[in-house]
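Consider the two complexes below, in which chain A is the common component and chain B and chain C are the respective partners.
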Partner chain A sequence: MTAAASETVGGTRPAARPRASASEALGRWAFRLPLIFMLVFFALPMAMTVVFSLFERTMFWMEPGFTLFSYENFFFSARLTNFLESMKYSAIAVAICFVLGFPIAVFVRRSVPQVAQHRVILLFILPFMVSEIIRVFALRPVLQRNGLVNTTLQNLGIIDEPITALLYTHTGVVIGEVLSFLPFIVFSGFLAMEAVPKYIFEVCDDLGVGPWRRFVDVILPLAAPGIFAGSVFIFVNGLGVALLPNILGGAGAVNAGLIATQAITALDFPLAMAVSAIMMATLMALLWIGHRVFDLTRILTPLS
Partner chain B sequence: MLDRTAAPAVEVRGLTKTYGPVTALRDVSVSIAAGEYFVLLGPSGGGKTTLLRAIGGFHRPTAGEILLHGKEVGHLPPDKRPTTMVFQAYALFPHMSVAQNVGYGLKVAGLPKAQIADKVAQALEMVSLSPFADRRPHELSGGQQQRVQLARAFVLDRDILLLDEPLAALDAQLRKDMCLELKHLQEKVGITFIHVTHNQEEAMTVADRIALIANGDLVEYGGARDIYRAPDKAFTAGFVGENNLLAGRVAGLSGDSVAVDVADARLRIDRRGLRVAEGQEVTLSIRSEAVRLSRDTGHLEGQSIAGTYTESVYLGLTTSHRVRLSDGTEMVAREISERDDAPAPGTPVVLSWAPGTARLHVE
Partner chain C sequence: MDDYANPWLHRLKWAYLLLVVLTLMAPVLYVMWISFNANGFGANAYDFTWKWYGLILSDAQLIGALRWTLALALVVTAITVPMALVAAKHYKATRNKLFPVFLLLAPLFVPPDILGSALLVSFKNANLAFVWLGDRLGTEAFDAWFRLSFLTAVIGLVIYTMPYAFVVILITMGRYRAEQTEAARACGANGWRAFRDIEFPQIRPGVLSACAFTVILVFNEYTRTSLLKGGFDTFTTVLISQMLNTGMSGQSYAMSAMVSFVAIAVIGTIILVTLIRSEALAREARAKAEPVMS
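For the complex of A and B:
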């Protein structure tokens, strides 16, 4: 009201700021609210994780202080080896997911009629309708000593003794990770293939581009950001989801998530915080490298 | 310019392609001379792209054979044929520069770098894209992107260029310009162009010869002018130009002339050597620009028909006068818009035409 009045009286300001209507204000808050939410419940706890990791441990909780004891505890114990091992096996799980899942994405893009493509991809959501604990737990009767795999192989006469390396080992965890995370590489691969123009495969046929070159020269560079995003997602979860090694792992077959969980069980909160902080640092480093190599902003940029 | 003595660039014999129960092409035979600009024209889904892709080797025909320069190529993949394809759009490598796009085929073929650079520069020169060599495809306009595809095809030195609706993704004005450019390029390069389109104006602009393809059949083919002026089949008359199609019944035969009853008029029409019998259902086609509109009666017996004026449609250069015949058929007379004195709707009028302009079709 005042703005409008001063404009009519003075007449000197050519463009008075229009009054914000109620819906505009609502629109602004629709963006601010999630921001506030993320600050309070995500950024703040993340910062606190780092702060807490430097606190002194007490009997049941912790008290303010500055000590690197938790980090020492991590770096100069079997925990570091376990952490590095779990990184290695997460990477293996990512590789297996890529080899199994990416061809599915390419196949759906290339060979399934356009109208059916999204429906086919939606099928990969089905496993998520079963609780993850149940899904992972169901692997035990399949993989255990007298489980489905072993009895089948024995009955077929392929093996004499049951394979015990399938469960409570890194192998078991990797199998669980592939089972749980395969859909993500299918999704991200499918989206990444959106960057590949419609007629490119026919152009390749016309130019005589062989399958390997086609993959290396055309598909990979175009789909790389999407593939990297999916891979990071799987790697992060392989490192952080405690459930999988908890149910399928065993001595030594743990991951960062389980190390932190075990520290909490032992009421060593600063250690749990330190493990989480180290995990975060590792992942941020990974993302930074990925961004430098693949330019992750390209995922969101239209190509043609 | 056309070399009719050598083996035709493309010879298709009895080509059939079925997808399950759907027949995309039915027993199509056509011969295309080397150095010719040949257009496959027809409605969408009629089978023209299927034919083009069969020639290019992108799918195997169900039956029939394809000869390129006299050699059977049924077993060859696209890259081993003397053909190359220009697609509608979405066919450039988005992560490569224009020059890399054009040179990629040569790189795959293993040519030395210097030679690739030379050929790419030449091809870009030819399509006037030299200043854009380092741009990415998404920095180019739709027309420029299509020219990159042309350059990529030219560097391969294959002598049959297949164009699959190459201008469909462009806006109307650009399409007209690119049409002429394609025609001139073809004359300059001298290789065979086979161009698929559903746009008859585009077809008329570029084509030496046109083949009409609809519902999986090759309806007819011939010189662009012949197809327009003297269509053989009623379908062609309906698709090319703006023809009036009249359904009628043969009332009598006398030598080269046929009497056909249309609405309540008896029309005389050239028989064209067709085999017709009295009482047979036939179709007549008359181009709308050949039909004259008048209010007075007493016209040439057999070359005119009476009707009721319904409306005029002003199109700038021409005005279309729509007239309803007594059997309900709408006829259109198109004339240069010189006067604004169209009859009032409901006025009885007479449509007439010069002898020989109406054509008889039996199907």
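For the complex of A and C:
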């Protein structure tokens, strides 16, 4: 479709005047093709989750109807508690990612020469290029009772007994989230720091402002939209990636993604759709609040 | 206050940065280490072996899965990258930027399981609707349109990879100066010619990185593929079902390690090639600039 369209756009065939205007119109539509594709196959299915969540559940599928049963099923059961719990741990993971990752973005922007900055940031793409499942699965032998962390600590004589709280617990899930999503706060922090010119540091030094005040009063407000976008990304994925609690979590470590996949395995499709709709509502609410407070379009300035 | 005033502080920060990268990579490196141990994970003795890798290559199911994964990666790349390119051109030209950028970047923020299940249910319902329509019209032509198949997996993966390809291409386009297109048009080239001969050569590195990105993302993707695929297996779905059924065996370590090796080799090559090319281009530019400056 694209190839055919662009051939016409290119006007490889010499066309008469009226034909040219038709091909121009076609060309304009060819440029909208990706957006139409995303509307039909992404936006529409996401919006339809609300409709499907109201359908009646049948034995193996669903049938059109109107019932709030799925929402009842979600809000008046352990699922809600699990969902709120996973929100708490996801927020903790966001905070840890920010503390560990954002200083790296500041450091690279401030102290690495301009030409080398992108190359240093590329280092953080390297782990990201290895399948997330493999990285998460690989955490098992690392965090296990007789895994890398415990044996190293024991060999160094720091602990006598292996730490068992590292795996199959909420701690395990948070560790997995931090290791999976840390690169994203570095990327978004790096983009966000575009809004903080380098001379800011010199100005602060000249005015005798300490590092803490410089960070809180100058860097943070300027970089806020980018930091917020990165944090929302990590928060929502912490809620939605079923793999993390599935592989690293123990009893009670259930997030929205896991509820949805479990519902699909149990052939309760309306419930899965209700969970998706709730997740989308959470995401939209967060982005809306962020937009009102920080004006998220500011992130795009370096791109346009 | 200045980093350079205190070289040790500067070095300490570098050390921290590298430590974080190393920590992120640690699980993968550890898996690679285990994959060469004849005794598997947790053994006291370490005997170097290629045994596990030999087992993978003689596994017919796995080779079949690899073939499907490769086909998926190629088809998705062939769709995503041109679409991302067109979308980036559109984004540059359009005045209302908020809507396209929201639509193109939103998939980043939708977690895999949520996107996968929403698409799964939508496809199934679309399929039912089309089958019903076909029955009314007395045709079976639409029956296979949205049945779970290679096509549905491709659609899901195109949505997943689009934001990455779009951003990578958009960033390279940022360095292109639109006056060059205007000059080409003024010289009589049509839009397509100006794009092909003037703009594309300059954004080619971005397009190539977008291709590499897309291939690797498709190769690594598990959740969306496993929810949306038809009756075939990909590399990751085989890996996960083996891990869940029989636990981590020496073979699964070797499989994980092998994918990691390939991905790192591909990215490493791309980074090296772009670095070498950009050095060469910079040298060339300096050489050209010299007589003017003197």
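The working rule: the second predicted complex is superposed on the first by the 272 of 304 C-alpha atoms of A that agree within 3 Å, B and C clash if a C-alpha of one lies under 4 Å from a C-alpha of the other, contacts with A are read in each partner's own complex, and residues count from 1 in each chain.
FYI, contacts are C-beta pairs under 8 Å (C-beta built on N, C-alpha and C of every residue); 3 or more make two chains touch, one makes a residue touch a chain.
Values in this document were obtained by computation on a predicted structure and should not be read as measured data.
When both complexes are superposed on chain A, chain B and chain C sit side by side without a clash. Touch criterion met: A:M273 reaches chain C, while chain B stays clear of it. With both structures placed on the common chain, the touch criterion links A:A285 to neither chain B nor chain C. In the superposition on chain A, A:L100 contacts chain C only, with no contact to chain B.
Touch criterion not met for A:I159: it reaches neither chain B nor chain C. Set against each other, chain B and chain C touch different numbers of residues in chain A, with C touching more.
In the overlay built on the shared chain, the residue A:P197 is in contact with chain B alone; chain C does not reach it. After overlaying the two complexes on the shared chain, residue contacts for A:L207 are found with chain B alone; chain C is out of touch. By the touch criterion defined above, A:L222 lies against chain B but remains apart from chain C after alignment on the C-alpha atoms of chain A. Touch criterion met: A:G240 reaches chain C, while chain B stays clear of it. For the pair chain B and chain C, the model built by superposing on chain A gives 6 Å as the shortest CA-CA distance.
Shared interface residues of chain A (contacting chain B in one complex, chain C in the other): 205, 302-304. Considering their complex, residues 2-3, 6, 9-12, 27, 30-35, 37-39, 41-46, 48-49, 52, 61-62, 100-101, 103-104, 107-108, 110-111, 119-120, 122-127, 129-135, 137-142, 146, 148, 179, 182-183, 205, 211, 232-233, 236-237, 239-243, 256-258, 260-261, 264, 269, 272-273, 275-276, 279-280, 283, 287, 297, 300, 302-304 of chain A touch chain C. Every residue of chain A that touches chain B in the complex is listed here, in rising order: 195, 197-200, 202-203, 205-209, 213, 217-218, 221-222, 302-304. Residues of chain B that touch chain A in their complex: 56-58, 77-80, 84-85, 87-95, 104-105, 108-109, 137-138, 145, 156.
Taken in their complex, chain C has these residues touching chain A: 1-4, 10, 13, 16-17, 20-21, 23-28, 30-31, 34, 41-42, 82-84, 86-87, 89-93, 97-101, 103-104, 106-115, 117-122, 124-125, 155, 158-159, 162, 167, 170-171, 174, 190-193, 216, 219-223, 227, 236, 239-240, 243, 248, 256, 259-260, 263-264, 266-267, 271, 275.
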